[in-house]
Structures are given as structure tokens and as C-alpha cells.
């Protein structure tokens, strides 16, 4: 479960490669988010308290928050609650766990639900709503979402009722590379899918041996092995079939083995199952299945591969001392689409669901959906990975380079955002046969058999 | 953390100060209070039992001795087991109308045969190997110099959490191309001997055996400890008597030691057998049940906690209940033999 | 409980002296040997020791590899085998331990240790109490339906504790009003341990010669007396064996305490801290090597301390003599 939630939780995207545990980025580190120093170091300015006063007397009340975000990334999160705490006197009790996804249903069904949970997948929201214990979002939250993040509202809606406001957001459509290696060889950032393949060809012919390859990839992730191959598929479906077909495919309005999807998997195979292109630093195609995703892209800094497709959070995996910047050791470019005009973006993120409707809970929910919170989050960011779904946050507040790039991509007018499809599918597929199918595909199963296998596993009801 | 949630539930049996504690002193007070409380309950049971005298009273004494354990087990395991059986009959979600759909879904799964085959491999090999190795080792080091240390070495794997064990074996099975520097021990040995390196966790059916090794590695410590305790509780008279009769060493093992520790052997084989049926964290953390390595318990876990199909998960748990019947039967036969 | 302590139980338990029965009891006895030890000698000593060493090495090497790894830098871990570390002792570093021991977000490591201890001790003692009582009744007290009940109890080992989580949590929260508390965790660990504990202790009890019990009955001793005076001392190895395993399971448990107690730093055990060392996405997984060893120290020490109770046939001769 741990690895599963690690990947699935989605707010803190780009966690920078710094000595993680030693950094006390900002905030007091007080478990209750209390104390004054959090405010002073984090720049947590006073906010307008009026929106929360409407909920009545909140002083001395407690709100419990349960998330999959653990140390050290939880610290800046807790710090971002400070203005609300100062305003209302509400105590926020934060609990992060890697076992979040298995634990939450147990606690909810056992009658011990937290007040608020950050759900990393819309699919999990649906499951929780089915228990009957999730409270619909109060109108104040809905108003904030309409104002600041209208595009993402649908993901927090189940059967026409709006429950969960988006919280964090992250960009998955990135290709990591080394700017200096590219400059040295004269490689250009590809602007279209064809250019990407042409570049791969060029790198492959420049490096005929077995040692260096254009791409490196790894989908091993313990009990969640296969997930990063599903991200590949989703990104390519968005590009070759388009967002509308993607939506139908995710909702199972077209079968999983639809011809459009077969085209996409064949396209994915051009890279992932091409011995000339992969797997730089690790071996043949099959090694993708046994390479841990955490290590898969390290070949970029070691010169054994040139490109690695992975979400923004991968920044945290480069060894200490690696600079992540446009002119640094590693950087990322947007995974290009079939034409330079379309910009589909695969995103992940999490949602705040409430299991209680006491005034203090509603007030905190409202704060988390506000521009004030998103701004505070950006200001107190520290480690990075603080992009929110809120479109009105000033991107310049984000100090972290990859965060800033993510925010720019997310707020780009031309961008078409789509949520990670496997997180929207039923669990048996999205965290089951889709992972398994893609893993089997890597180690030799053919395109059609793979898609047929996943299609027939789709639950009937 | 849940005081607010509990607010409306009403007063608990134990007042708040004895229920939760924030300070270190408070926690230790709570701990000692609990131990004293449990000891008092224990004493009460004994006192009640001692009130019954005579032969007819003996029956009641027996009932009173087992009562606390039975009450806890009924609440904590029997009741959930019954709920599980009911759930397995009520559709994927475990809340729909009664039907056998979960069982038909389970048996029409194309991979079920493979999963059952793997489970059989685990349940046969793990108890056999772990008990065998544990027994040999317990005998070899019995009364040897440095026995405590020697035991601790085999016992070590039991002391490591699953998280730790996962990484330990990563550095044994890790694969790198033959031409590259190896970081997995096993592949480094293969390479040094001039062979090609292997993807131990991907190549079926080798990978199932590789996972079984991990379980044997963990469980041998259990077998060794229990069997060693059993060997040490063989009364001296038996050995002395056998010696006076001129029994030779090897025969001593066969006819004295082995029969004397039979009960412990049954315990060890049964416990490891049942534990193996239930184990899924090794499979889950090392291969995620992929590459043809899944076992019934892993399928149970995935369906219940990941695929949001508690009904189907319950059906798989019921399959586990059924698979344990041979082990229970074996124990009944052993008990009969003894009686 | 102390008043009930058997007078016959030795004050100081020492491997060498106590295991040796008094000469007066066993005249003519020169050297103690175990049956098993004899068997080992029969396979001739060099072979026996050789085999023991091979097993010990095979069992230790993987762990040793992790121990070495825990002193290496992230880069070294990823690029070369741990055995190469001996070639370059200067590359050894304590950095992983420094990071693993650094105070977490909101609690020091010692707080997690204290929580673990508070969870563990009652969760070991309680099942030992209850299971030895039940095992005694199942072994030596005739009552109706005894054998069927016993089979049922040990067969309950098969129930995966995962199916019990929701019903039990519901019971604590809505019936008993415990909510998330230490009591919920202690009781849950006890329940999950009872089938195995009862089974294990029962089978050890059955092995004791029934003459022991009968002799005591003739002397007018009741079951309570027999239980304390005769059985408990004889069962020390079995109780110690079960005790150590229950200790380990509870010590290394993550799931049960997360469900019944929660994962906030004021209550969470050390396993919660170790699990989160790798960061939310597991990018710092190499820190787990150091974390695993930090969490392991106490169980290994406890095992070594309990060794002295694995003493053979404590009073077997004395009672009869």
C-alpha cells in the first residue's frame, strides 16, 4: 500500500532534491500548526477573517485532517494553515500516513472517520460517497471553486452533487533531460511527437552501442508496479486520440481495446518496446519492468540515457546537489503533442472531502478552497511541490523552478487538462489490471492481447 | 484525536483519564494501570474458579478458565468471520442481494488456477523447509558454545519489519545487465561464476521460489526458537533412562527426541502453514502479485482494499477458510494419536 | 500476582546453575546432555558445526548486506554492490543514521519509542495470561465440548485480521466508547494472538507427564494451585518462546495500531516513523536501511535477554523426587 499511496497522492509534486529530513523549510514544525513562529518565518501574513466569522464562534474547536502526505512534505502543508488558525482559533490536527488509501475506508466504515481527508483519486471519492458519510461541499466552497478552479470542479462531483474541492495539482506530461547534454550534442527540444521520435532516432544512431540509449524507463514500484506505464499510455492516448476519446475511454463508453487505443499503444511501443531506444543504463526492454521508478531516470545525470518521461515530482529523486533548472543539471520539457497547436496535459491532484459538517469543518474547507490558502501555500512552500489547482495564484510566488513551470503549463490558455485516467477508473482496473496489463506488455505480451485482457477485466456493474 | 467524533456516543466503560494520555508519565501510568487491571481480571477468574469444588465443580472450573479467551475471540474473530461469509454471498460490494456471484466470478477468473498452484507451492514448501532447517539448526547448536548468539543470528530475520525485509532482499535479487556493476548479491555471484545475470523476480516460475525463500528465511527463526524450547523441556529422566538402556545417539534422536517434541513440531508446522496461507505482504511488496506470483491471500487483499470489491474479497477469504481444513484435519488426527 | 508465585520457582534463573538439578536428586549423574545434542555429535562434530555455520552464514548475509548498505551514501548504494564497500572504508558515512534519527516534523524519535513500549508490553502480557489459562483448561480439565472448542480456537488462526478491522473498530467506537485508544489496540492485539498462543501453550502442556498432575491432585491441590505451582514453572520455555514472538509482532506492527490508535505523533509507534522515512513518494528509500536497524535493536536485545528462560526441564526431576 505504501508505494501505492506514495505515487497516488498527488499534491506535493516537485519535491526538490534537498536533504529532505533536515530541512525545516518554514513553520514551527509544531504538530498542531500552532505557535507564532510559523507565521513569521513563512511570511504568513494576516488574512481577511470575515469569510470565516460567518460560521460562528470557532475558537477552541478542533478539525482533524487525514492525508497521504507524510514527513517531510507535511510540514509546509501544516504551515499553510497558520493564517486560518490565527484568524479563527481552530486547532488543526494533521495526520499523514502512507497507508492512507487502505486505512481511510476502514476508518470510515468502522465509524472513526476524520473530519477532512485529502483524497488522491476521484475514484476513491466515489467509493467514499457510496458509504453515505461524505458531506456535500458547503455553498461557500462551491463558490470558491467556481471562482478559482472551474475546470476541476467536475472531478470533485459524484452523481451531480459537488463534494470535494481540488487542492493540489501536478503535471505528469514531462520529459526529463539534461540541458547541458542536449546543448553539447546540439539536440533541440522537440515541439511535436514526430520530432520527438526523430530526436530519439538521432540519439540512437549517435550512440550505436548498448551502453547509451535515448530513453530510460522503469515501472517497478512494489505493489503498484506498472503505474508509470499507465501514465505513458494516458499521455499518448491524449495525443493520438484526443481528449474527447480519452474521456470516453476513461468512462468506458468505448471499450478499453477500441481501435483508437490500439493505435496509441502501438505508438507507445515505438518507444517503450524498441530496443534501440530503451533502456539506457539498465539493459533491454524487459528491464523496464524490474527497474524501480525512483531510479529509472538517474541515467540522465550519469549520461547513460537522454530522456525520461515522468511527472514533476521526479525532481526529488535526483541525487543531492543536482540543480533542477532550465540551465541546471536536469530540467524537463513538455511531452509534445502530435501538432504544436494542441497542448493536452495529464494532471494529478487531490481533493478535500469532509466527513463532518460542523461549522469549524466547513470553515476550514472554505479556507482550503480560497485564494488566500493557495497564496499562502505558494509562499510557505519550502521544499517545492506546491502547485495548487487555483488558477489565480501569482506563479511568481513559487520559488521552485519546476513548480513555476508546472503552474505556467496548468494556467496556459491553450492547455487541455485531463486527470490521470487510471485514478478515475474502477479500482479493479485503474489500480489492478491496467498496471498488470502494461507490465505484461513490457515483458512481451502483444498490444491486442494486453488491451483485450484489460477490457475483459472491467467490472460489470 | 477523535474526541469530537465520540462526543455523542455516550460514556465509555472506562473514564477518560484511563483511556487516553498525552504525557509520557500519563502513558506509563496508563500502561501499568492496564496491566494491573488485566491482572485483577485474571485473579478474579481464578478466584471464581476456586469456588467450585469437587468433580462436578471441575467442569465449571474449566469453563471459567476458557471463558475470557472465548469471549474475546467471539467478538474479535468469530463474529467478523461470520460477517465475511455473509458478505461473500452479497455481490461485489458485499451489500447487495444474496447470490453466489462472487464465487462464480472467483472460479471463472482465468488466473485462479495459477493462483491456487502458487498457494499450494507456498503452503507445502514453506512449512517443510522452515521447520526442517529450524529443527536441524536447533539440534546442531543445542548446548553448543555461544548458543545464544548462534540462535540470535537465525532469529534476526523475525525481528526485522516487512519494510526492512523488502530492502534486504532487494540487495539480493536486484538485476543489472551482465556487463554492468552488480548491486544484487545473487547476480554478482552469477556474474563472478561467468553466467549471465537473471531477472529473479520476473522470470516465472523461478520468481515464486525466490519469494518462498524470503518467507522461509523469516519463518525458520520461529521454528528454531519453538523447537529449541521443546528440546530443552524434554525431561532428563527420559534421556537418562534411554542411556541406561544403551540407546545410541542417532537412535536417541529418532526414538526419543523426535517423539518428545512431536507436539512442538505439530505446532510449528501448523502455525507456519496457516501463516503462509495468510501471508501476502512479501508477494505484494516484492512483485505486487505480478509476473504470475500471486497467491490467494494477495488476491483477497487486492479485492478488499484496492479494487473496492469487498464482497469478492470476502469470497477469497472464505476460500482461505476452506483451504485450512486439511491442516485442521491433520491436527485432529495428531490429537487422536496422542489421546 | 506475586503472592501466588510458586515457592519452587528459582529466585535467580541462570542457565548454568539452575538447569543442573541438585546432585542429591539425581545420584550418579555426571554430565548433562540433551538427546538432540547427542544426535548432533553422532553426525560427528566437524560436520555438525560446519552445517550450522553454513546455515548461520546464509541467514545472516542478507541482513549484513543491509547493515553495510546503511553506512553508504545514496550514490554508492545505487552504483555498486555493498560488498565493494570494504575496498574503500573512507566512503563509509553515518549520514543515513543522522537523517533517520533527526527529529521528525513534530516528535522526537524517543516519543515514538515510548509509544511502542506502551503499546507492546500490555499487548504481550494479556494474551499470555489468557492463553495459558485457556490452554490449561483445554489440556487438563475435562468439560463438555472441550476438544471441539479447542479445534475451533486454533482454526481461528486462519481468519485474516484484515476482515476483523472494521467490525472491531465499530465495536470499540460505537459500543464500548473507547474510540482510538490504547485499550482498543491492546485488546485487538490480544484477540489476534489468542488462537496461536492457546494452541502453542496447549500443545506444550499436553506433553507434560500426567503423573505430575495426578500426584498433585492426590496431595489435595486444586487446579489453581497446580496451574501456578507446577505448570507455569515448567512452561517457562514455551511462554518465553511465545512471549518473544508476540513481542515482535506487536513491535513490528503497523496496521493494527494505525487502525485502532491512529498515526498522529502523540500516539504512533516507531513503525510509523520508519515507514515515513522514505518520504511521501519513496524517493529516500535508502534511509529505510538505517531505520530498519534502529527499529530492530530492541527486539534483538529482548530476544537475548529472554534466552535465559529457554532453560531445559526446570523442575522436572525435583518435583518427583
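A, B and C are the chain letters, set down in written order, and residue numbers restart from 1 in every chain.
Heads up, the rule we're going with is that contacts are C-beta pairs under 8 Å (C-beta built on N, C-alpha and C of every residue); 3 or more make two chains touch, one makes a residue touch a chain.
Please read all numbers here as calculations on a predicted model, not as lab measurements.
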Central chain (by mean CA position): B
Chain separated most widely from chain B, comparing mean CA positions: A
Cα-centroid distance, chain B relative to chain C, in whole angstrom: 13
Euclidean distance of C-alpha centroids - chain A vs chain C, Å: 41
Chain centre separation in whole Å, for chain B relative to chain A (CA means): 37
Residue list for chain A, restricted to those that touch at least two other chains: 2-3, 93, 95, 112
Residues of chain B engaged with two or more neighbouring chains: 1-3, 5, 163, 305
Residues of chain C engaged with two or more neighbouring chains: 78, 166-168, 173-174, 179-180, 254, 262, 264, 266, 275, 285
Contacting residues of chain A [partner chain C, same complex]: 2-3, 6-7, 9, 12, 15, 19-22, 29-31, 68-75, 78, 93-99, 103, 106-107, 109-112, 294-295, 298, 313, 316-317, 319-320
Chain B-touching residues of chain A, taken from the complex the two chains share: 1-4, 61-62, 64, 93, 95, 101-102, 105, 112-113, 115, 127, 130, 210, 221-226, 281-283, 286-287, 289-290, 356, 358, 426-428, 431-432, 435-436, 439-440, 443, 459, 461
Of chain C, residues touching chain A in the complex: 74-75, 78, 99-100, 102, 104-107, 165-170, 173-174, 179-180, 254-255, 258-259, 262-266, 272, 275-285, 287
Complex contacts: residues of chain B adjacent to chain A: 1-5, 91-93, 163, 166, 175-177, 179-180, 199, 201-202, 284-291, 302-303, 305-309
